[in-house]
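Below you'll find the structures, each written out as structure tokens.
Both of the next two complexes hold chain A, though its partner changes from chain B to chain C.
For the complex of A and B:
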């Protein structure tokens, strides 16, 4: 299992459990995100706290999940990015596609 | 003549060795040059993507990485004997080495991602240099048209020059990335 979830207010926080978010876990991550959207969750916070790096395969899975969420009237935001991961989002302009919050709690509270 | 420091690294083509190798290469560079935090971050992104590319495409047990510092520049070269580079440009699958020899000066479009298009300048039938063409005043991001393949885009954005060369003598793929320190 790549994600551990908990409900906080009206948000579902999905915390990534691996330190290295790379191609070995990207397909599993996408499958778990799809399942969470299929269950009817409408506001999902993907918490990257503890993740030391993200590769292009994992980012592809994240974008794919976002497309699926939008098609199902759901929203995905991200939180807890370290400096390197945050820089990567900015480098390839994914900061324009995702709302980015400092922490999962902040992400959940902004929605409320 | 500026000092040249070169070190060869070997990637075992296992994901669990990837970040350790990135850390080793960063340490080597920092031992020989002053590197800003921002440049270090860009170097890490480049290294992660080069090694991820090896995991995906190398088809062998190990990949050679060479790190070279020359004056105020660092170059990273990844060499493997896996399948030649293949890029789907529209409906056309281009595979290196390209057939024929009359390709110098051609520019190919690889993919667009909202406000940027990844392109490559063909130097000859074995060599291309990646670059990005920004779209000014682009519309707000259309999520549904976002690409889901970012590897080449990340490297091209993070570095100052990114070249691929297929060596016909050794049948090897050579990705060469350079970045000013």
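For the complex of A and C:
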């Protein structure tokens, strides 16, 4: 399991359990996200707190999950990005694809 | 290459676990130890061993159930599995072999023999893997499939070159192309299919074919807008069932030798780095476009920059800005800016030999690609 989930208000918070989100966990992450969307979750917060590095395979899996979510009328937002990861999101314009929140709680409460 | 020897030992008897662990560590194995199948499953979430050696008889979840649980998970299914048993029971062994266990080892087998058995097995796996890799590479070469150019383009008044290193020497998701239209126009393509190794490599050809086709079609229609080319590629990728689940970044640069300028559009790519020789200034050139295939409208833009003699353009993928320090892996765009600065008055060939790029070869973090374009004297 790469994600540990819990419900907060009407959001499902999915916390990534690895420090390095890379090729070895990207397929598993995608499968778990797909299952969460299939279960009917409509607002999923992917919590990156504790993640220090994200590679392009993992970002690919995240973005691919987003496409699947959109097709299923669900929304994925991200929270808890460290400085490097947040910088990378901005560099490649992923901040336009995902709403980014400082923390999972803020994301669940949709604080802008 | 040294054979990697990470082993996961699973036994409810702490004594057996400790003894085996010590003996195997002495023989150069990196031992992960679990007292139960559940503990082993928890370890597997964090680490991937080269082989698992598990007891048959354990309370709660026994060796057979553990093996069945592993087979049910695609990520664990292929990790070689051996049973360790104190019983010389043919029926049990048969049951184990039917569960796709590669072998069994009796607990009273002398340790040197256990070590030899494990070593031989791991060497065979490694050799098989290398052989398959070689055969695939040969097949790819035979099909003339290259995701990086075999020769450099001749662009009047410009010098173009590139540096590319694949992840752990596997072909990867980065692709480079120079598309020469005529004496006036050349397109420079740098893309990064998100993923690594073969999975990404296969798709890089799909993307490259779409890009080449879109460039040619637009040019044939008299459309020289890189933005419009990206829109066309994005529309096809977004709807194509083969590649729409795979995403790719793309930097597309059109060199116009008559106007002495470049036009650039990007899709989820890193900003280009532009060196203005006259002002001796380095500047990031960012674009607004999103990754290819992400949304029906990729929000692309385009910008044109007139180049003067000595001006340089660096186009690169994220492998170039990934690095590892004592705290772990990191991504920082400025590491490249700092590395290139001392080389701005030298030919690109000098930077290719720099410690910065040579270290990328050793670090093996990701595919790395860097394209360099310089305006030379006519």
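Please note the rule applied: the second predicted complex is superposed on the first by the 110 of 112 C-alpha atoms of A that agree within 3 Å, B and C clash if a C-alpha of one lies under 4 Å from a C-alpha of the other, contacts with A are read in each partner's own complex, and residues count from 1 in each chain.
Note that in this section a residue touches a chain if its C-beta (ideal position, glycine included) is under 8 Å from a C-beta of that chain, and two chains touch if they have at least 3 such contacts.
Keep in mind that what you see is a predicted model, and the values were worked out from it rather than measured.
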Overlay on chain A: chain C relative to chain B, clash or fit: clash
First, second, both or neither for A:1, with chain B first and chain C second: second
Partner chain(s) touched by A:84 [first = chain B, second = chain C, both, neither]: both
Touching partner for A:105 - first (chain B), second (chain C), both, neither: neither
Which superposed partner A:17 touches (first chain B, second chain C, both, neither): second
Greater residue coverage of chain A in the superposed arrangement, chain B or chain C: C
First, second, both or neither for A:34, with chain B first and chain C second: neither
First, second, both or neither for A:92, with chain B first and chain C second: both
Superposition clash, chain C against chain B - the stretch among 8-16, 26-34, 116-124 or 206-214 that is involved: 206-214
Footprint overlap on chain A, comparing chain B with chain C: 20, 22-24, 52-53, 55-57, 59-61, 63-64, 66-67, 84, 87-88, 91-93, 96-97
Complex contacts: residues of chain B adjacent to chain A: 15, 18-19, 22, 38, 41-42, 44-45, 48-49, 52, 55-56, 113-116, 140-141, 143-144, 146-151, 153-154, 157-158
Sites on chain C touched by chain A in the complex: 45-46, 48, 75, 173, 192-197, 200, 244-247, 249, 268-271, 288-291, 293-295, 299, 318, 322, 327-333, 365-366
Interface residues, chain A side, partner chain C - complex: 1-2, 17-20, 22-24, 26-28, 52-57, 59-61, 63-64, 66-67, 84-85, 87-88, 91-94, 96-97
Interfacial residue positions of chain A with respect to chain B in the complex: 20, 22-24, 52-53, 55-57, 59-61, 63-64, 66-67, 70, 83-84, 87-88, 91-93, 96-97
